[in-house]
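A, B and C are the chain letters, set down in written order, and residue numbers restart from 1 in every chain.
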Amino acid sequence: MTNKALSLDPDRLLPVESRTRAIARALYKEVRDLPIISPHGHTDPAWFATDAPFGNASELLLQPDHYVFRMLYSQGIALEALGIGSGGESVDPREAWGLLAANYYLFRGTPSRMWLDWVFAEVFGLDVRLTAETADLYYDTITEALARPEFRPRALFERYRIEVLTTTESPLDTLEHHQTIRDSGWRGRVLTAYRPDPVIDPEFEGFQANLDRLSELTGEDCRTWQGYLAGHRQRRAFFARMGATSTDHGHPSAATADLSPPEAEALFAVVSAGRATPAQAELFRAQMLTEMAGMSLDDGLVMQIHPGSFRNHNTSLFERFGRDKGADIPVATEYVRALQPLLSRYGNERELTIILFTLDETAYSRELAPLAGHYPALRLGPSWWFHDSPEGMRRFREQVTETAGFYNTVGFNDDTRAFLSIPARHDVARRIDCGFLARLVAEHRMEEEEAAEVAVDLAYNLPKQAYKL
Amino acid sequence: MTNKALSLDPDRLLPVESRTRAIARALYKEVRDLPIISPHGHTDPAWFATDAPFGNASELLLQPDHYVFRMLYSQGIALEALGIGSGGESVDPREAWGLLAANYYLFRGTPSRMWLDWVFAEVFGLDVRLTAETADLYYDTITEALARPEFRPRALFERYRIEVLTTTESPLDTLEHHQTIRDSGWRGRVLTAYRPDPVIDPEFEGFQANLDRLSELTGEDCRTWQGYLAGHRQRRAFFARMGATSTDHGHPSAATADLSPPEAEALFAVVSAGRATPAQAELFRAQMLTEMAGMSLDDGLVMQIHPGSFRNHNTSLFERFGRDKGADIPVATEYVRALQPLLSRYGNERELTIILFTLDETAYSRELAPLAGHYPALRLGPSWWFHDSPEGMRRFREQVTETAGFYNTVGFNDDTRAFLSIPARHDVARRIDCGFLARLVAEHRMEEEEAAEVAVDLAYNLPKQAYKL
Amino acid sequence: MTNKALSLDPDRLLPVESRTRAIARALYKEVRDLPIISPHGHTDPAWFATDAPFGNASELLLQPDHYVFRMLYSQGIALEALGIGSGGESVDPREAWGLLAANYYLFRGTPSRMWLDWVFAEVFGLDVRLTAETADLYYDTITEALARPEFRPRALFERYRIEVLTTTESPLDTLEHHQTIRDSGWRGRVLTAYRPDPVIDPEFEGFQANLDRLSELTGEDCRTWQGYLAGHRQRRAFFARMGATSTDHGHPSAATADLSPPEAEALFAVVSAGRATPAQAELFRAQMLTEMAGMSLDDGLVMQIHPGSFRNHNTSLFERFGRDKGADIPVATEYVRALQPLLSRYGNERELTIILFTLDETAYSRELAPLAGHYPALRLGPSWWFHDSPEGMRRFREQVTETAGFYNTVGFNDDTRAFLSIPARHDVARRIDCGFLARLVAEHRMEEEEAAEVAVDLAYNLPKQAYKL
């Protein structure tokens, strides 16, 4: 298949039916070239601080992307052979790339395939498909390009017309890379977000040491409840000064609690002593979501909650390779009872914004849209993670819109560390949203001019407003 | 956008693909003008008893419709500003209407928008869209029209070609309005349904006083188990004499129980003494569903069960504004184990009809269709509440039909207190069902003449038969 | 409607939109005539051993098919009147057939209707629709045909171009029919599969006697843990020698366990003594799944797990008519925590294949696709049972593919005892998969030549590889 063309059809992902497609095309034209607002992601701020060139094709596109290597792993390809983990260092990156190329058919029908094809075609100008035969051509083309100035991080950031890009850091992070960016005179807007899981989750690796580090950084005694809260307030203020407009919370469940101050203090004493049972750890995380909401009401940071992932499901893989190796698996997630303590206390606050994500699609129409269609403080994040995909986005709009409308959602965010694919991801979302809107127009459920307004809101205005950017 | 037309396209909601649309149009033509059977709803019988004119636009279309004001509330508009609750009395209804008008874009893609647009265009003849600029035009047009005889409740009932309309009353209701209607000589058929939650749910506000009131009304000692059951039987008979053909049960879960008579009596003693724990309250509700099914087998009333809503989720809002303010949120609902006690006892009875509803769509294909496709007593109610919507209806048919067929469902009911929108709601259901059937025909899964028969059954025959009307 | 044609349109089930349909037609042409791989089902090996003629129309198509009679039962037709159960023997099979015919409209929109229509038209050459008027014509045509040689089991097997057909037997089965087939010189490939539920599930009817029978058959003392495991190993080896390539496990839940050997031995002592509590029975089943996976790693048998059915829900029906009367109802099924013990132990084994099925569609995108898209040992079985249907298959592909791809699924299997409909069932799957692929092509998400390759893989190569056939 060496000579087969790699094609990115201009109508890709738009509805096929001709009247609907015509409407979708017109809508897409309105949003295609809007700047990218990327208010939630996991790129490395060091890239933009140092502006050092990216390495080779495997190092850039294969080894850090667990969407990609998990699929290869699922079909029996060892992570070591892909250059991942100890034992992987000695692997020739070209060989690793060859494994991806030879097995690229596994990605048929997946979003990874679409994102990668976009990067291959649009960024690197490749015009034949990736196969075993074209593996070296790809490897060389990409690796050579990466050495050129126009493929450095800042150049790509500008070429991609990213208006703002947010990374995610621990409260223990000194934000030195963000400081470097700010000091550099470069005009790219790269912000941080406050992700306090390492100092909030008693079950996080290193939690006890993290409390000590928080005390050191803040000068507060973070072994006392009041000192601990003050430590958070201080770091949040620091993050805000460094440009952060949001916090981000990745908890196993959506549980929240609203304990009395003495109860909270007593619970923290147990947690801080390293004696929390799993139930107490869960209750502490629950209480801390409510505390964080209270602080957000004070300091204006938008709050993001991402629950429902069973982390590191594959125990033996985790022991050998560590976190983020494709074995985080979603679980059924309950929101209605879980969020009530927090929402009863703060849900009616118009000045507060809580953006809620789910990995459990069954909650879209049953729980999330009804909650977001009622509580002033609540907005729904886009279809997330495994659902950051054409079918996933379609189901999100189909199941959410009738109850919550469009304006209780916050448009798209990419949630990625795969920097090169960011425009491809936003482009997928814009196409799918335009296709959904086009169907509403074609079925006479919305006027075309309204749909055009909504399309622009979803692609640009809503994320900008929701994240206060 | 003042001059933009308000359009109700004759093809709205029909499939876009041209062959399918042609089939759908033909099917829709068969059902479009059928009379309305509305066997389950929450309109006020006083409207038809007194035939007094409705008030102004806000009083009719905004303030009583929690679908409408919950969306405005979710975007930060205070209920008081809409004229709802204490503090709301002093609000000029025209101002409240202006808030709806200015924020009408929030309803894009929602069924409320479709229903309201139908009312605006078809009932009030408005031909421009509702916006801030047209707010006064709307308010005046609607409010003036309501003063005219042809907009009185009975006139609209006739104009809407409603063959039968069912309201819902507590066993403690004297049904005086229904008596007035019957005595009036007016030929509109307005029936009641027996909704005993206030005297069955130990956690209902005023439950203890309600038991006393039931004793007074019936002359039975409803503080004894036998007297309590006799009280129900007596009120059911009274409701049946007044035209009722059904009962309706809105429980937090679908739990049923089949206790021995001594167990049931002992449980009632605890409940009647006001000492029921939450678990005992749940068990009592569960037992009473089975008791009600037994009574239905005796007196022929069709039984409706609506489980799965977490009522009054927003505690502070409930304390200030009371029930039904848009904060009832669905929860995951289990049916298979929950219904087994009742179905094991009565599910094989061919003379019994139990119509089951859900707010949890995940049960459609997994639990409800398999149960309804087996038990002779069981039928499925239409997609309900937040799922009374185009996408909701589509998913219902797609997920239910293959296992339960069409004839274990009961067609459409509107479940609304928004009287003016009843024809719009039935029209949406007819269009969506015709669209679904048209797809089956276009995919050669059904013959067109069969589809036409099914379309008429869903729109008219099935609800009439299922509710014994 | 006597004279109405029974039509099987060549485009049935393909997408209606013309461009997509053209692509789907081309894809379908590639797979339409591929041989049938049927690696999982419940046909009776005696049919192929004795090659005796099937009986009359009712005995063949109505009485053994609980998909068919459950629908009739759900609408109030007594099982006895259909000739099922005691009291049914005296029913004239022609009368029973007449009831099916008169109520055939109930099956509109169901897969049973499609499968039956295919059998009527393609196998028996009927060209008018089944109605009360044509009941006798149908009954006579089918019953007379069955007496002819070309309608005997082996002749149909060959006419259907079945390359391999797998039945399911208990470890206690002597496989005499399979031996007869092998000895007969007939070249049809009919294999068995090892289904040990009767000797693994302590709650199975006759479990204790089954343990004794297992001891007798194997010469092992299956009242000791080691003897019991050895008994399984021996019977698995016997099944493998008789051609089996797989095992099959139908458990109430997906629970697995990984007990230490002493814990397992102690648990078996309780189970073997008939003293297991429900929780212990569940734990034993859970442990045995892991034991079976370990044995599969040794002997190479592919492992199938089918959890999530609440068996015999209708207690009174079960007491009168026994198992498999249409009252097995799916329940919500959790996989992530349930499978972790087994997957942590064996999930990374590339030589092991575990094929997982579900009756709970909500797990497709949330749990199953993420698990199968990571663990090398795990593959997803097709949409199963109530979801073995056009809409069910569509949802499976839409919800699974983006995360797990196509190659972590195993193509189609029919899971049926309704032998005559096997080609119809495979044909439905091929049409739906081609339709799904055609949409991906039409939306420019896949190239047409790739789709053709995937279509052939799904219809033929993947089941053959996954089941080692």
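Here is the rule we go by: a residue touches a chain if its C-beta (ideal position, glycine included) is under 8 Å from a C-beta of that chain, and two chains touch if they have at least 3 such contacts.
Owing to the predicted nature of the structure, the values given are computational and were not obtained by experimental measurement.
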Task: Note the rotational component of the Cα superposition from chain B to chain C, reported as an angle of 0 to 180 degrees in steps of 5.
output: 120
Copy pair chain A, chain B: interface residue numbering same or different (half cut): different
Message: Based only on mean CA positions, could you tell me how far chain A sits from chain B in angstrom?
response: 40
Message: Among all residues of chain C, which ones touch two or more of the remaining chains?
response: 17, 332, 362
Field: chain B partner contacts - residues on chain C that touch it in the complex
entry: 1, 4, 7-9, 11-17, 70-71, 73-76, 105-111, 114, 129, 310, 313-317, 326-327, 329-332, 359-362, 386-387, 389-392
- prompt: What does chain C use to touch chain A in their complex?
  reply: 17, 19-20, 332, 334, 336-337, 340, 343-344, 347-348, 350, 362, 365-367, 369-376, 378, 398-399, 401-408, 439-440, 442-447, 449-450, 453-454
